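Both of the next two complexes hold chain A, though its partner changes from chain B to chain C.
Right after this comes the complex of A and B.
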């Protein structure tokens, strides 16, 4: 065999090994995270209904549960999802259908700016605009901050799902004698309803996992859910504040919340993949 | 005298820097089957899409000149959308909406435009499917997805979808180009039937098909109208060499040597 051929074969082998090692390293990290979440979080999760419904135990006492934080998470994520869908779907439609227009260009820049901003900045802005005037943090303020963080993901996904509709179907929709926005909202969007649903789910996944925006906005009401306009908490906030305490029972609670949040995120991700996989064009 | 169904005057169309139509002037009389003839890439489909403004869906499209449809300048008048709502279109490749059933594909236009509801809508769907010679084949599976139909059936479904909006003008962009000879013959028969009630502009590169179906037409070559008038005069008089090449292209593209509707 010629030396050049041997060199090429060795280089090929080296690149193959390098890519395989990278893939294994990523798998190792993900595996470690999942394994830690299961091993550390399962004991708390196995407490069953008391973990899901009760408030945390006293420092150094019983483990208790994440009930109020789970309720706060579900309420804030639901409101954030609705808000981001209500604004993000029309925004995505405009970005797709009016692309090139000055308004669409400005909207595109605004969406990019929000997506690229550190989410803690969003939290601080909502703190200034909502928490200060209301004189208290609340589930509503947390939901607004999470909705703003989720918004660019929904808008971008809707834009992409509309752009993916082949010109042939687009022409068919516009040849029905409808006005432009009727054709877009009543024919093209429903045609790719799964793409839109995927966009909304992606937004809610983003809202579910965020901690920074709720630091200033949710409050720290871990012992009861008082209502939408009252101080609240979320699972991610509970993890952030409880995991660093010296109390064993609170750290166990935080790990339980980690596993619960992971399961919720995985369920949403699974649903998103199922929907995205079924998008027919 | 009634105004023509379509009139263009000095029509120029560009895609970016590329000029596709050059000063195209045609007059389509009402009640006619009007053929737009020419070789592939001469601008036939662009002309059709300029008539109903679908050309504007394409990136970088620019239209200049007069396009009058059913008496309305569709690029300047405020009533353009109303005029265009009386124009239907059938495309070269059948494009039924993939997320809708056979019934809903036909019902979607009248339903969204508030033309009919309930039983009235059922009647309208049946009428359109009968007109498109598809009713007998699909009446027992109206709720099935449109994608379950064969290519020829899908094209007739698209014709039914266009007819359900009760158009006065029907634009047909090589509607038989992707069909086998049997289905192509069915569509041709349908065009003959429909021409009694609707003005039809038929884009084709098949001179024989134009002769069979149309009474008048225009011949396009490299984005320019080289001849317009009664179809017999277009096909017999000037520019005979272009026509000969079109006929020859149609004949040689068919395995039997006999040209049929639109096969390339």
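Right after this comes the complex of A and C.
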């Protein structure tokens, strides 16, 4: 063989190894995160009902449970999902169907700006506008900031799914004598129910996983769920605040919450993927 | 029928107007809150390294150190994410057997679905101890005793961004017309030679991926607050603890009402964060869109 072709083969081998190493690194990282979550979190999760229902134990004492934070998570994510759907679906329809109109242009910019806002920034604004006037953090304030964070994802996904409908369906609807908005509401949206459902699920997944928006809006009430307008907490907040504590039982609890949150988030992700076939995240 | 459709249209349009109002509210509320500190500190808000809310009177608010921290963590995290994702995309497209390709894409999907607080917890309890045990702190004057450092934060944020960056790069790589790939094969090009040509064709999308990742790294709070170690250091040596703008907000906003100027100063910091993230992300998506249009043009 000529030296030149040997050099080529060697270079190819080197690139092969290097790139394979980076793929392996990704597999390793994901594997290690999931494995740590299972190994460290399973003992807490195996406490079963007491983990899911009870409040955390005293510092240095029993592990206890994540009951109030789980309740807070379910309530805030449910409200955030409803709110982001109520605002995001119409906005997505407008973005897709009225492209170029002044309102759609403004909405396009607005959705982009909200998507670009770091989620801690949204938390700060909700703190100023809701927590300060209400004089206390609350599940409601947390839900509002989660809803705002989820909103652009819902709107963008609805727009994409409507834009992906082949032109032939619009033509068919128009040829039946339907006006533009009749076609949108009577034909295009109903046939696109899957796309809309995907968008809503994507929004709820977003709301479930976020921590920064609830940092100053939820409060840190880990011991009971007091109601929508009272201080509350979420699983993500519990992990964030308990992760760095020196108490072994609280760290164990945080790992249990990591496993629970990962399971919830993964099931939403796979539900989204099954529903949509393929989703742009 | 016609009437109810008109009513629905009206509802949709007014809801859309609410979305516009939400965005405007974010900017307005932040600007109003931060006006106070910006009027007092002026440019020295960005340039001064002195952050001292407890100083007599109003306090001193200079954000230079955390701002530098944000830029360094953002740049490091972006480099890690882009390097990993370009290498992985090349491997998956040019070398990997099908089963491996599927395994890696499932791993990427799982990684993208993980909440950031899970990355943060993992970084705090797996990556930080590793940094500590490896004695990397000894390389710096004020090396971190806990393993929480600029490097730790950047590494975990970089990993968190990798699936996002690879989805952008991979989409561009896939969009290269098949005739080019065929031509490369027919010339007998080896894997790295094909990758070199194809990466040259998608370099704009790689740049877009970098900008978009940077935009997200700048705003990332949860991971950074858990792994950077929160200290007012200039981020010159990567194994020292530091602050970013976001970790500063996370650690101080809770007690901000105790000091006369702190709420305003942290709001101004948030406004700066929003501006940085918005500019890089807008630039990134503009480049990505232009690259996609160009790719379609070449394919025709």
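Please note the rule applied: the second predicted complex is superposed on the first by the 257 of 281 C-alpha atoms of A that agree within 3 Å, B and C clash if a C-alpha of one lies under 4 Å from a C-alpha of the other, contacts with A are read in each partner's own complex, and residues count from 1 in each chain.
The rule is short, and it goes like this: contacts are C-beta pairs under 8 Å (C-beta built on N, C-alpha and C of every residue); 3 or more make two chains touch, one makes a residue touch a chain.
None of these values were measured; they are calculated from a predicted model.
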item	value
First, second, both or neither for A:78, with chain B first and chain C second	neither
Chain B or chain C, by number of chain A residues touched	C
Touched partner set for A:254, first chain B, second chain C, both or neither	second
Partner chain in contact with A:185 - chain B first, chain C second, else both or neither	second
Contacts of A:216 with chain B and chain C, given as first, second, both or neither	second
First (chain B), second (chain C), both or neither touched by A:175	first
Touching partner for A:39 - first (chain B), second (chain C), both, neither	neither
Which superposed partner A:6 touches (first chain B, second chain C, both, neither)	neither
Chain A positions touched by chain B in one structure and by chain C in the second	179, 182, 186, 280-281
Contacting residues of chain A [partner chain B, same complex]	167-179, 182, 186-187, 190-191, 193, 280-281
Interfacial residue positions of chain B with respect to chain A in the complex	49, 52, 54, 57-58, 81, 84-89, 91, 93, 95-99, 108-109, 112-113, 158, 161-162, 165, 167
Contact set on chain A toward chain C in their complex	8-9, 11-12, 14-16, 18-23, 25-27, 29-34, 36-37, 40, 86-88, 90-91, 93-94, 103-104, 106-107, 109-122, 124-125, 127-129, 148, 151, 155, 179, 181-182, 185-186, 205, 208-212, 215-216, 236, 239-240, 243-244, 251, 254-255, 258, 261-262, 265-266, 268-269, 273, 280-281
Contacting residues of chain C [partner chain A, same complex]	1-2, 5-6, 8-9, 11-13, 15-20, 22-27, 29-30, 33, 83-84, 87-88, 90-92, 94-96, 100, 103-104, 107-122, 124-126, 159, 162-164, 167, 190-193, 195, 215, 218-222, 225-226, 246, 249-250, 253-254, 266-267, 270-271, 273-274, 277-278, 281-282, 285
